[in-house]
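Naming follows writing order (A, B, C, D, E and F), and every chain is counted from residue 1.
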Amino acid sequence: MKTHILQETNWESVKNSLYNVAILPWGATEAHNLHLAYGTDTILAEKIAADAAEIANREGAGAIVLPSIAYGVNSGQMEIPLCMHMNPTTQLSILRDILYVLDNHEIRRFIIINGHGGNAFQPIIRELSLEFPDILMSYVNWWTVEKADKYFGEPGDHAGELETSAMMHIRPELVAPLGLEAAEEVLQRAVALVAPLVLHPQAQREARGLDLAQVGTVGQRVQQGIADLTAEDDE
Amino acid sequence: MKTHILQETNWESVKNSLYNVAILPWGATEAHNLHLAYGTDTILAEKIAADAAEIANREGAGAIVLPSIAYGVNSGQMEIPLCMHMNPTTQLSILRDILYVLDNHEIRRFIIINGHGGNAFQPIIRELSLEFPDILMSYVNWWTVEKADKYFGEPGDHAGELETSAMMHIRPELVAPLGLEAAEEVLQRAVALVAPLVLHPQAQREARGLDLAQVGTVGQRVQQGIADLTAEDDE
Amino acid sequence: MKTHILQETNWESVKNSLYNVAILPWGATEAHNLHLAYGTDTILAEKIAADAAEIANREGAGAIVLPSIAYGVNSGQMEIPLCMHMNPTTQLSILRDILYVLDNHEIRRFIIINGHGGNAFQPIIRELSLEFPDILMSYVNWWTVEKADKYFGEPGDHAGELETSAMMHIRPELVAPLGLEAAEEVLQRAVALVAPLVLHPQAQREARGLDLAQVGTVGQRVQQGIADLTAEDDE
Amino acid sequence: MKTHILQETNWESVKNSLYNVAILPWGATEAHNLHLAYGTDTILAEKIAADAAEIANREGAGAIVLPSIAYGVNSGQMEIPLCMHMNPTTQLSILRDILYVLDNHEIRRFIIINGHGGNAFQPIIRELSLEFPDILMSYVNWWTVEKADKYFGEPGDHAGELETSAMMHIRPELVAPLGLEAAEEVLQRAVALVAPLVLHPQAQREARGLDLAQVGTVGQRVQQGIADLTAEDDE
Amino acid sequence: MKTHILQETNWESVKNSLYNVAILPWGATEAHNLHLAYGTDTILAEKIAADAAEIANREGAGAIVLPSIAYGVNSGQMEIPLCMHMNPTTQLSILRDILYVLDNHEIRRFIIINGHGGNAFQPIIRELSLEFPDILMSYVNWWTVEKADKYFGEPGDHAGELETSAMMHIRPELVAPLGLEAAEEVLQRAVALVAPLVLHPQAQREARGLDLAQVGTVGQRVQQGIADLTAEDDE
Amino acid sequence: MKTHILQETNWESVKNSLYNVAILPWGATEAHNLHLAYGTDTILAEKIAADAAEIANREGAGAIVLPSIAYGVNSGQMEIPLCMHMNPTTQLSILRDILYVLDNHEIRRFIIINGHGGNAFQPIIRELSLEFPDILMSYVNWWTVEKADKYFGEPGDHAGELETSAMMHIRPELVAPLGLEAAEEVLQRAVALVAPLVLHPQAQREARGLDLAQVGTVGQRVQQGIADLTAEDDE
């Protein structure tokens, strides 16, 4: 029983505790390359939230980790099977309900530990801050807190070295040792995705901003990923 | 890695599988008497969903278990700290987003495994059935499927013998061995809750239907629970 | 002029009265077998609300009956012509507006007299109870208050003996003396509805809960109903 | 049993009929001076809808009258007890549900018979016309169809000669014979309402448009109403 | 820099001013006959709001003109290219946000200067008046304030003499000198629009109320407009 | 008359044109330091949209600039008078209505030219992309397209060198020549804002991400701004 994880604690413990800050891990359920689990974003957000709360509580933070939400914004990947999508307006409704309870119990600090690049909590927080003026709300995209390139040659932003290594560390059974065949398939798919972009004029690519940039990055990362996988396969 | 649990499987597996039915465990996060974890409803719903999917898949059901939702309807318990509440209209928004994805991928059977008495999915399903006419939606309140009183003297409907035993079976570390002192407190609280009801006229009690009935049942169950706890404490 | 029925009273009376509780009859507009009026659920709810208010007011209850709502949840019967449907979220919006007015006039007790099995007011009340914490809200499914099987051999739950008898009592002109031909048609339709269910595995049937159960009951009730109708026709 | 009133007809009749146009009476529940029933607007709209449908059906119109809605827009009268208010957005939700059913059954003409000046169906129809492009929607404010001043010296627009006479004709038991005392009270109240307006600059009065105009009219009408009531009392 | 136009003033000025009333110009973006700019309704509403504020401020009104909204209700003209439409419920959301800010800064008088006949702000104001009880809201349809027929032979209600003259006065570069050819096309189009109406029974035309009436007026006005245009072309 | 600006063109022109892409300028109405107009964000977005459309149309782009929206997300500045705020969910409703019209007229490319850092269109576009799958939507934060630090020593992100220079270029009458006194006030205000942040632990500052970072940047920029203003004042 961990008293800083709400799902694992009980009333006997809760009624004798004082909470100052509530932490909500929010991930996504989506394909992470071929080899990482669909739950990667959620699992990592949960892990970071739990460990951060435990450390902070040693200093008397009074933190409690709420049950995570495993559904993120993924409308751009509707063609990938079982890549789940949740609309931002639904995320706002969920947060409104949660904040209502926290406000009622006078827990006035709230942090979302976000594990998925497609989630954008800033506009939601800005809207809800008017409804709950007494609560200080914030969010952290955990993968941006520390510069990953201090540790990795090619951290990547989705199912790259950073996420793969993190999952190998905490849930190794959910990382598949994919081989040469899979690598080839990844390469072919990436090419099919990237090719049409090459044909578009530069202006259009810039206009779409992060989305196109992300796909571009995927192309480069995939090539590195295939090299890694192949090396790994040879062992 | 379990291929019937979406969070634990990967794209390599998903793209080679055929899914016919999606299962969504939905619980709540609330006090369960003094001794069971706040996550009890969700943990049990997840367990039942996972095991049912595994067994059904041996017969070729093609079932996949979606990530659970741990927030249920609890507006009647706003005075209990960290008893989380989610509005039915928010639940409808969540389900609409999920069904949109399933419909898009032509998974046309959907079952909610409900673990919390306060959740009422029937009206929500009735509303969404017009938006997704091709999906057969249903829900199961797992604790009503099998008559628990065949196995327990006093199964109870919330944190009673049935739930306590189930949690002892699958997550024993989340069941606290509460003693005499706790039992006394439970008793006093129950009396404080039930007493005002005694003063109300009969007609009013009947009008509130299930809600008041539930509170009445809690009163009786608590007395039995105290007896059990006391006995347990003596051992 | 009845002073306990809001639609029939006037300002002269209202401004000299003190109201403590508002009663809202809510029915549906749907086919009731072949022989009862589409308005049966609403008409019966209105009758019970009016009579209950009149009796209670003799004891000083201060009850006022609001205009009824004749639209209920019927998404499962979209193939029956002019079987009207109202979404639960629309019902919530209607109730929010009504409660706003009552709260403004400090009428803090509110009872829905429900006449239609498809309406589910408990989740709606749970959501609205947070918005109107000062109002005690409740609902009654009138047909469950008294055990009908003390009076009827086969009360039924929709257009059965109980509803038919009740309508014969208060609005006999809205009960049609249907004959053998109609009975045969009812039988054939029931068989067509029930037959597919027989082919489904038991697990699926249980999963749908009340909905399938209701259809099952209809099958049995229809056979009894035909017997009754035939007998009635012979007289 | 009237087959053109949906609440009074039955399935046996409905399934053998062809409907081309659905008519929805929509009123309000509000004080109508001191002497007319709160339900006046709804009762008159129902009466006109029913009679119009009956006459049109003799020519083969295929009209059916849906159950009326008795809640109108009345936010400007929140200080009058039990003057019920329904928001325009709630009215839109109700109409969306009704149109969904009509569209489903291919009834593609829809008319609202409006009995309350505060209801404004034009913007709602304009919004819904995009969602239901196949349905021709319209509304009638019944009191504007025929020039009432051809028949009355001072028809008035709310609880005036026209409405009072109409109610005397169809529901005389709901018209109270109020006397001198009531008339005096009406006068005092009207003065209290109108006086502050006299103090406002002209520009402001014009800016509020219809609302202020209406109040102005009420002032004049009330004086006439008092004269009428006094005369009536003397008989 | 005009200090009564919010977009043109700055913080240095705003923080030293006291505002009592906020004015919102609201127009539409739609075809105005063949010769007037799509922005006509918005441009005229902005002009009237600015001039009115300037004059009123000389008397110490403390008025500030908010940025205009150029999107109006136009669902009935979806076949005309780039005739933009905004739903009334969206207009309500916009106004709610604006009123929230005004209420927060204690500016408690609010006037919409409406430039488009399809906008209906009365029901919206009635709904929002309950949410912002401290703000006095009103609207003006500017073209109804002064009787235009005192000045014009045929003022018209849309792109007629009044609007054309007003635009000639303030933005002459946005009025096109259309010739005989255009006039002929307008005539043919008008006939095509009006003709089907002639075939409909009278009852139907009355039922649609203002909408049909408006189309009828368009027919007459177009003929006059063509005469005007032709005359103008000859000069 | 500019045919690429919808508000300035007319039906005669529109019906003879073919449009491929619609451009929507979206700004905000807020204080821009003491010296720039509240409309700065909107004015610059309109200017860039208009010029870009004009240039692109020479190559046959078929672009049309829609009327701008002058209300942005500003919930974090509610204490600054007349700093207008619009919720992201309202922005979504506005965009849904606009996209409905574009889709109806088969204009399937849509670009928002954003002029305000607080607006976040990516999550809104992701939600609407499922409703309008045929429209390619994108947005540009114009100030990020070209690296401003190639041209300015300290471009700033809000009312800094870049925005001030841009406004001097296109609307010089809306830039106030503020002097030493104003500069001092800005400094004092900035210090009062920044000081509390110095006291907070580092972890908290990082958690709030962009918001806190932005405030931090404001502090630095303000000092530079004061130096600039002072220098400017000396000339």
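By our rule, contacts are C-beta pairs under 8 Å (C-beta built on N, C-alpha and C of every residue); 3 or more make two chains touch, one makes a residue touch a chain.
Fair warning: this is a prediction, and the values are worked out from it, not measured in the lab.
Q: Please identify which of E-F, A-F or B-C repeats the interface of C-D; the criterion is that more than half of the contact pairs agree.
A: The chain pair with the recurring interface is E-F.
Q: Name the chain whose C-alpha centroid is most distant from the C-alpha centroid of subunit A.
A: So the farthest one, by centre of C-alpha atoms, is D.
Q: Taking each chain's centre as the mean position of its Cα atoms, how many Å separate subunit A from subunit B?
A: 27
Q: Measuring centre to centre with CA averages, how many angstrom lie between subunit A and subunit D?
A: 55
Q: Using mean C-alpha positions as chain centres, tell me how far subunit A is from subunit C in Å, no decimals.
A: For subunit A versus subunit C, the centre distance works out to 48 Å.
Q: Which subunit B residues reach two or more other chains?
A: Residues 78, 85, 87, 89, 100, 130 of subunit B touch two or more partner chains.
Q: Among line, ring, star, complete and other, which best matches the way these chains touch?
A: Topology of the interface graph: a ring, with each chain touching two neighbours.
Q: Beginning with subunit C and moving on to subunit D, name the chains as they sit around the ring.
A: Result for the ring walk from subunit C toward subunit D: C, D, E, F, A, B.
Q: Enumerate the contact residues on subunit C facing subunit D in the complex.
A: Touching subunit D: residues 1, 6-12, 14-15, 19, 29, 31-39, 42-43, 64, 66-71, 78, 80-87, 89-90, 93-94, 96-98, 100-101, 104-105, 173-174, 176, 178, 182 of subunit C.
Q: Where on subunit D is subunit E touching in the complex?
A: Result: residues 73, 75-76, 78, 85, 87-89, 92, 111, 118, 120, 122-124, 126-127, 129-130, 138-141, 145, 204, 206-211 of subunit D touch subunit E.
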